[in-house]
């Protein structure tokens, strides 16, 4: 297997006697778009800053192209960062900001001019060289920050929630643009966000974190369809999470009923959590499905209806393009491979 | 940012040791020692310098200094608070100009400003000359406590106005609007909202006036004459004329003590008010 | 009605502030020494001022010491402020408390303390002692001016510079100092002004004929009223007014930008 371009090995980080990162290990491969995903305080930004060189580790090592870079300061790493608040130099104009890294490397001024011009076109801000930073909008500043980092042709680009301050439409446009830039330039991106939709859209692989621990690593489809625990299931997409018992291989029981499923390898009668995605449940006529229930609420969401059906005191969340009458008794139907069984371990 | 850059302050810390801490230590040393009367080369440790202070003459000087300084501070507060308040009310285009005009006298040399009052209040000064022209007798306006107070107020008034102005200016207008909306009239709004919130500025102003007022020796010397000795004059005389450094040092310690106590008390009030302000 | 009272009150206070200064200026042109009579318009006091050797020496020393002290204290103060900014919090408070002592202590105590220091180690009072004293009370004000600007710095901007390949020294030169420049300049101006105007501390720490304007005015004033002082006042007023107008223009220009 190819050597990873970045490797984190059992990183432990403490802050004020709180363990912020607990033996975090993962690999990042060349040209990958990897996302660190998790709620506030899960340690994703700290991890990114450790890779960038802005934080020390208590224990563990960071490898860049197989070389231990624990003690190498940020200005000697071939890694660049796009900061959440852009961190553009206020006393310099756009050109000087972008050229900053190139000037330090004593690049020929003519080449600097060409490179700056090229990167500005790439981010869609051609001819912006002379503009002052405070005359730019949020989205423009954002792209200058990206340009400033990219123009140095780093091997790895770190992005710390760069789209957080933008409005929804702009954010979605930028997600596409960033993905395109990454594919065009062939640079490895390590991206941090708390927005699971953003992660699912842009990433080749997602690393889900909670309270300093990695919960799951996998492709977007993989994580969405096979969440390894209830936290991941709940964090990614909408879910219905029900407690149940794994009676036997391919045989699970919950809400007082037995169901055929596709999971195996659990202990007999092991307590488990079951995840069923809202879009996998179909509402059918009473008694003609797997479980009966009463429609509690119906909300029109534009793309679909969001329907809550109460069955044996569990509230199922269902997404359907067909509406249902509130108060009516219906039946819910889903396939065995829509039932995802997970161990009932809580990762605190 | 950089582990090494915290050592940048190291050279200056040596400077502080030599030129700030050590001199103060020397004053302390002088205040608790005296030359041995039998053998002038040696010194003995003693509290006699402080004991000397508890003489009615010197206590009077201290009391006079504190009361004159205190009274001047009070007048500065009474005159200055409305000035600060009205300055915040002026329109923005006039504000800059007015503040500039207010600062200008502050930038004039303090001795010149004090001297100016000498020329107005003196026996051959402006007021008395005008009286003479009207065939009226001279009034002794100079070389008394009132002249000293006048000089102090004149010199230190801006130091009272500016902290209050700064706090008032930064005050959130919506607080006043809220009080107004809840039915409070002008006086109540001032009493319950504006004044309490401006208190940190008032206290800063009091400190910035009282401190130089209680320790100055120029103003009492020029405007008070040789008679109205305040503690600053006393200290000056002891060091430069009488050459009784030990007693002078003791008085310096006393004045430091007074100032630190005042600041401590006033700051406690400040923190109290800043944390416990209510509408 | 309320507005009229406010206007009246402010006018009165301003009259109070300016009356003495106006009197000084007016009488600087009075041909007679007496305050009562107007002897005619004259420039003779100004001429006497220019011929006065004591005043010229005092002016020379005042400006020289102010410039040297302001420059040195700005450099030392700025570097120290950067050092303080990077210190551990526990150390910072101790450091700052000592640093601010010259600001908190009454001038007379600072002046006497320094005088005792110099005399105790047998340094003759004169130009160097006065200069050392000025630097000592100027540096805290520079630190007071620069430190807040450092605290306001966006940490990410410094990190961005490092991230892009700048060494800490380069970052200091090209990123940090340009951003704190307003604080440095203000610190310099405050130090300069304080030194120009200082009386008490200079009074106690100088000797051997070295004097400054304030000390000179003090000795003249103690001898009695002299119109030469008035002439000096008018000139200083003009200079100060000019300086303030320039500073005001600069700040309004900066605000407009």
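For this structure, a couple of remarks:
Letters A, B and C mark the chains as written, and numbering starts fresh at 1 in each.
The rule is simple: a residue touches a chain if its C-beta (ideal position, glycine included) is under 8 Å from a C-beta of that chain, and two chains touch if they have at least 3 such contacts.
Worth saying up front: this structure is predicted, and the values here are computed from it rather than measured.
Viewed as a network of touching protein chains, the structure reduces to a simple linear path. Of all chains shown, C has the CA centroid lying nearest to the centroid of every protein CA atom. Put simply, the C-alpha centre of subunit A and that of subunit C have 57 angstrom between them. Averaging C-alpha coordinates per chain places the centre of subunit A 61 Å away from that of subunit B. Here the spacing of subunit B and subunit C, counted between their Cα centres, is 18 Å. With touch defined as above, subunit B holds no residue shared between interfaces to two or more other chains. Each of the following residues of subunit C touches two or more other chains: 162. Of all residues in subunit C, those touching subunit A in their complex are 154, 156-157, 159-167, 170, 175, 178-179.
In the complex of the two chains, the subunit B residues touching subunit C come out as 1-2, 4-13, 15-16, 18-24, 26-27, 30, 79, 82-83, 86-87, 89, 96, 98, 100-105, 107-120, 122, 124-126, 128-130, 132-133, 154, 157, 211-212, 214-218, 221-222, 232, 235-236, 239, 245, 248-249, 252, 255-256, 259, 263.
On the side of subunit C, the complex with subunit B involves touching residues 6, 9-10, 13-14, 16-21, 23-24, 27, 34-37, 76-77, 79-84, 86-88, 95, 98-99, 101-102, 104-109, 112-117, 120, 132, 136, 139, 158, 162, 168, 171-172, 193, 197, 199-200, 204, 213-214, 217-218, 221-222, 225, 229-230, 232-233, 236-237, 240-241, 243-244, 248, 252. Listing the residues of subunit A that touch subunit C in their complex gives 52-54, 73-75, 79-81, 83-85, 87-91, 100-101, 104-105, 148-149, 152.
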